[in-house]
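The following pair of complexes shares a single chain, chain A, combined with chain B in the former and chain C in the latter.
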Partner chain A sequence: MRNRNATAYRFLAPYLLIFSVFWVWPIISSFLISFQATRTVPWRFAPGFNWGRLIGDPAFFNALKNTLLILVIQVPVMIALAMVMAVLLNSPLLKARGLYRFAFFAPVVVGEVAYSAVFRLMFSLDFGIVNKLLNSVGLPKIDWFSNVTPAMALIMIAVTWRWAGYNAIILLAGMQSIPEDVYEAATLDRVSKLKQFFYITLPLLKPVIVFCLVLSIIGTMQLFTEPFLITERGGPGGGTETLGLLLYRQGFRSLNFGYASAVAYTMAALAIAITLVQLWLTREKQ
Partner chain B sequence: MSSLSSAKLRRSIALHLFLTPLALIWLFPLWMMVVFSTMPDNGIFSPGIELLPHGNFIDNFNNLQRDTDFVGAIGISVSVAVTYTVLSVLLTSMAGWALARYQFFGKGVVVGIIFGTITLPYAVVLIPQFIMVARDFQLANTWVALIVPPLFNSLGVLFMRQSFSMMPDDLFDAARVEGVKEWRIFLFVALPLARPMLAALAIILFLASWNNYLWPLLINSQPGSMTAPVALGTLIGLTKVSWGGIMAGAVMLTVPMLIVFVLLQRHFIAGIAAGAVK
Partner chain C sequence: MATVTLNNVVKRFGAFEVVHGANIDIKDGEFVVFVGPSGCGKSTLLRMIAGLEDISGGEIAIGGKLVNDIEPADRGIAMVFQSYALYPHMSVEQNLSFGLRMTGNPKADTERRVKRAAEILRISELMDRRPKKLSGGQRQRVAIGRAIVREPQVFLFDEPLSNLDAELRVQMRVEISRLHKELGTTMIYVTHDQTEAMTLADRIVVLRAGHVEQIGRPLDLYDNPDNQFVAGFVGSPKMNFINGRVVGRNTRSVTVELAGQERTRIMQPLTGAAPEAGSKVIVGVRPEHFGGAGEGDTDLVVTIDVVEHLGGTSFLYARTANGEDVVIQRDAAKVPTTSEVTVSIRKSYLFDEKGLRLR
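This part shows the complex of A and B:
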């Protein structure tokens, strides 16, 4: 490698230009906007205006509570499920591997709008296939859209369906990069497959699991399309409203950019805090 | 099968007995998407259980086209995704090349910042991006608005940096001895060698652009400038709308990607798995 400032920056220039204009400046700008009253013309500097409102806003705490609830339940369930998929897809005993891989990985290419529409139809009260199937085995119908608990469950089911395979791909790639002879040695020593998983696979896979967790947490933190389209604008009555949806409503429906920026910064602060805690936890144990 | 010991056979059967229902559940929404897209609306909203496709796709598509100009929206989506992919692959691989092959002032800072943005929610830049593009640049409802702001991506650059740094030095040094310019080395030596990685990157970027929803929803909200997912999204939740039509649209958005996925599975998976393999 050679020291060539001019050449390097010539290659980096277009990328850094886009980065500065559409990321660096907005990061600073949205911080500044959060300290301004933006529904007056011109905008007025008012440090406590949006942040003060945020602290006392029940709609914010409702969205925060919903987002964290989804985060705490959906992300671990999905990562565990992705792990199960990855382990089983990696089994040498599996036949027709390609078909199973297709089944679990296919949702990765499905757009949010397309799958939100399908989930809405599948879970509708009277004509949804899910309730029809529940009925046909003697279980009562569930009103997925009018009650908060089933509506939240529906959002979590939808997100898990969409993203479990994505995480399974990453975990599977991580597993396949673990050298074969580690397992061969363990098998010779008569270590059971289950023990091999807990004492070899899991520890070696820790960085990959953390990577999946970080990506999933940041994704779920910004959850928008599913409550927007499936449970229709965070319904019933704000029961599935998330921070992403609150940001959308405040920023782009009420055109209250200052308040929406404060919400955005709260999301970022939470995401960064959770990520740092995770990195710190995994570093400690190594 | 005879070579399997009986314990192995039992384990294999248990594995398939567990995995098959799970796989079927996972395929079910996609299957139902196809089934719904072929059913008339009064069939979708009827009490019976229908699990097999009918023959109503064309009618549903016509209903969709009546509700919104979906064909036009698909045209915009395809053009934008293709342009975005070409530009983004070029930008990303140039940056990845610089980070992989040169030592330069401020390199650590640049790499650190790119890594840092992985953990930063997109929500933070959304509002200023919108204000800038819509108000300052007056570019709302244009292709530029759809293509340019999403050009920055961090995982792609790290992937390309990784790919270029694994190539042997001698290759490039030989060209340098011959006096070949750096940009020619990049273009004619490095890029052709990186073809599989570029394919993986291109597929992931194309898919991201094709499925992108929030940004196009905000910035291109005029009917004639909407992308296909946005156009389809406007119909969801309307009372007088053809659900068979919406499903036909969902199929048109999804099935081409599924076909690409099956054909190019290796590249697809390489692109997604890039984060896992350091």
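This part shows the complex of A and C:
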């Protein structure tokens, strides 16, 4: 048996080596770096330097507030929207279902830079189609990029557009795994379609919804592309700066790797904590 | 309780017709079993009665009322599904009461119905459990309980025992039979298992490829099948079929010679038209209708391949001189010890080349 295990490990060794060097070691290394002052040469061990700064840094709390705001508003709206899309996609009345599934999933495979550029054009103050539509129905133009609230809304709209279809496809797969005869039994029990959705579909989809929520929370905690490309590096005036952007700014613009590592670990810890709370709240009661 | 009448019922999926004009009259309180091989349309027929499938042609009436365009919930039926179709996230009690709660049935009445169903099915101690914590038999009881609480006019069972092991199937068969006696409600039961059909039914409807082959009481079908299909389908082990040729006929009987055995002739009384001399026929013999040499109408030499001992009886798997397989039932004490034996045919059935019974 020991021989067989040794052979297996020899086969796994190339992968384990790459995994250790490029995955495990950076995780450990960045944790160690977070306890070092990295703006001095040479770096020196100073446990309170980065973590102490984190507690009192207004930029960190601004990024944290923005990230949590997006998390609290955008994630539930997106999951609700994804659920509606999944229900529509699952409807036997829908024609050309394959086309719609592709269309809803397509944003995920569109290049991030391309989609950000299109969003900047669409929401442009003078030339954007969104403002033209608002004008056409008698509403005033909105300067999406110069004011904090519209800029945050824009980030949320963009992220929702990009990921709602992806979540809808996951929810659809969950819906299709619910046996048809459960619904037939409910139909014979005179349970309306709406009640079937709330009392059968939703409870049976709970594990899939939780999965989507966890993925979305982790994704939002790491949010970077949209505030970087659409609202130009978290603008206006840091109004859309997220933790991911703060990390990037500290690590790769200010070359303050110690502080960036502390921010990275805070992001991971928050994602884990929020996910654990959510799993606990949605756990199956025995 | 209610009658169920199917009048020339047709089902098509697109251009493909799967049920070809079924006519069935089910009496009030009767236990009728639809039986047939996979794909014969028995479940489709049941689902049409339930309203879960549209009716492409013909009429279905429950309790004398045409239900073609009536919603499933308004037909006065309850259905037990093959896969149980229990709500996995609900307890047994919630599963039983769900339909009644959702439709605003008074709480006291819901509780009364659930309690009664639980008592009938002896599942009162399981009420707080979820389906995944139940055995197959217990799940099936809950599924039946969910049908009982609806207090339907007609119970529909769609192969309810096919997911259970052999022992549990026998046990649940008895339970369902007891339930029918206790409730007295009309029951329609679909199965591909002829043993279930024979043991449960007041009457059996044998289906093949969307056609009703024969309707009758279990022993009538067994003793007096209309055609070779019914003869072969009803009974276990199935009826043996041996090719033969008509060698003589008169107004009241035909003489048939078994293929490849010149001296083995059977005389069959016939009241209908007799086939021409020389025409091919099929002789059907049930395994228990073989006797020892000289005990029956004619003797037949067979070569035994395998003997299955089941305790009181044994089955001999043998071949005729013409190479046709036959199964012979014998008392365990009378199993021959030689491989080549002579058996007699005590009772036989005659079918024409198309498989229709010659009477």
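The working rule: the second predicted complex is superposed on the first by the 275 of 286 C-alpha atoms of A that agree within 3 Å, B and C clash if a C-alpha of one lies under 4 Å from a C-alpha of the other, contacts with A are read in each partner's own complex, and residues count from 1 in each chain.
The criterion applied here is as follows: a residue touches a chain if its C-beta (ideal position, glycine included) is under 8 Å from a C-beta of that chain, and two chains touch if they have at least 3 such contacts.
What you see is a predicted model; the values in this text were computed from it and never measured.
Peer 1: Would chain B and chain C fit next to each other on chain A once aligned, or clash?
Peer 2: fit
Peer 1: Answer with first, second, both or neither: which of chain B and chain C does A:Val87 touch in the superposed model?
Peer 2: Touch status of A:Val87: no partner.
Peer 1: A:Thr7 in the overlay: touching chain B, chain C, both, or neither? Say first, second, both or neither.
Peer 2: First partner only.
Peer 1: Looking only at chain A, is it chain B or chain C that touches more of its residues?
Peer 2: In the superposed model, B touches more residues of chain A.
Peer 1: Could you say whether A:Pro107 touches chain B, chain C, both of them, or neither, answering first, second, both or neither?
Peer 2: first
Peer 1: Quick check for you: in the superposed arrangement, does A:Glu184 touch first (chain B), second (chain C), both or neither?
Peer 2: second
Peer 1: If we overlay the two complexes on their shared chain A, which of chain B and chain C does A:Phe119 touch? Say first, second, both or neither.
Peer 2: After superposing on A, A:Phe119 lies in contact with chain B but is clear of chain C.
Peer 1: Just the number, please: smallest Cα separation between chain B and chain C in the overlaid arrangement, in Å.
Peer 2: Shortest inter-chain C-alpha distance (chain B to chain C): 9 Å.
Peer 1: Hey, which residues of chain C end up touching chain A in the complex?
Peer 2: 50, 52, 72-74, 77-79, 81-83, 85-89, 98-100, 102-103, 146, 150
Peer 1: What part of chain B is in contact with chain A in the complex they form?
Peer 2: Spelled out, the residues of chain B in touch with chain A are 8, 11-12, 15-16, 18-19, 22-24, 26-27, 29-30, 32-33, 36, 44-47, 49, 51, 91-92, 94-95, 97-99, 101-105, 107, 110, 117-132, 148-149, 151-152, 157, 169, 182-183, 186, 207, 210-211, 213-214, 218, 229-230, 232-233, 236-237, 243, 246-247, 249-251, 253-254, 257-258, 260-262, 265, 268-269, 272-273, 275-278.
Peer 1: Residues of chain A touching chain B in their complex?
Peer 2: Spelled out, the residues of chain A in touch with chain B are 1-5, 7-12, 14-16, 18-19, 21-23, 25-27, 29-30, 33, 85, 88, 91, 93-95, 99-122, 126-127, 129, 132-133, 136, 161, 165-166, 169-174, 177, 207-208, 211, 214-215, 218, 221-222, 224-225, 229, 232, 243-244, 247-248, 251-252, 257, 260-261, 263-265, 267-268, 271-272, 275.
Peer 1: In the complex of these two chains, what residues of chain A are touching chain C?
Peer 2: Touching chain C: residues 179, 181-182, 184-192, 195, 199-200, 203-204, 206 of chain A.
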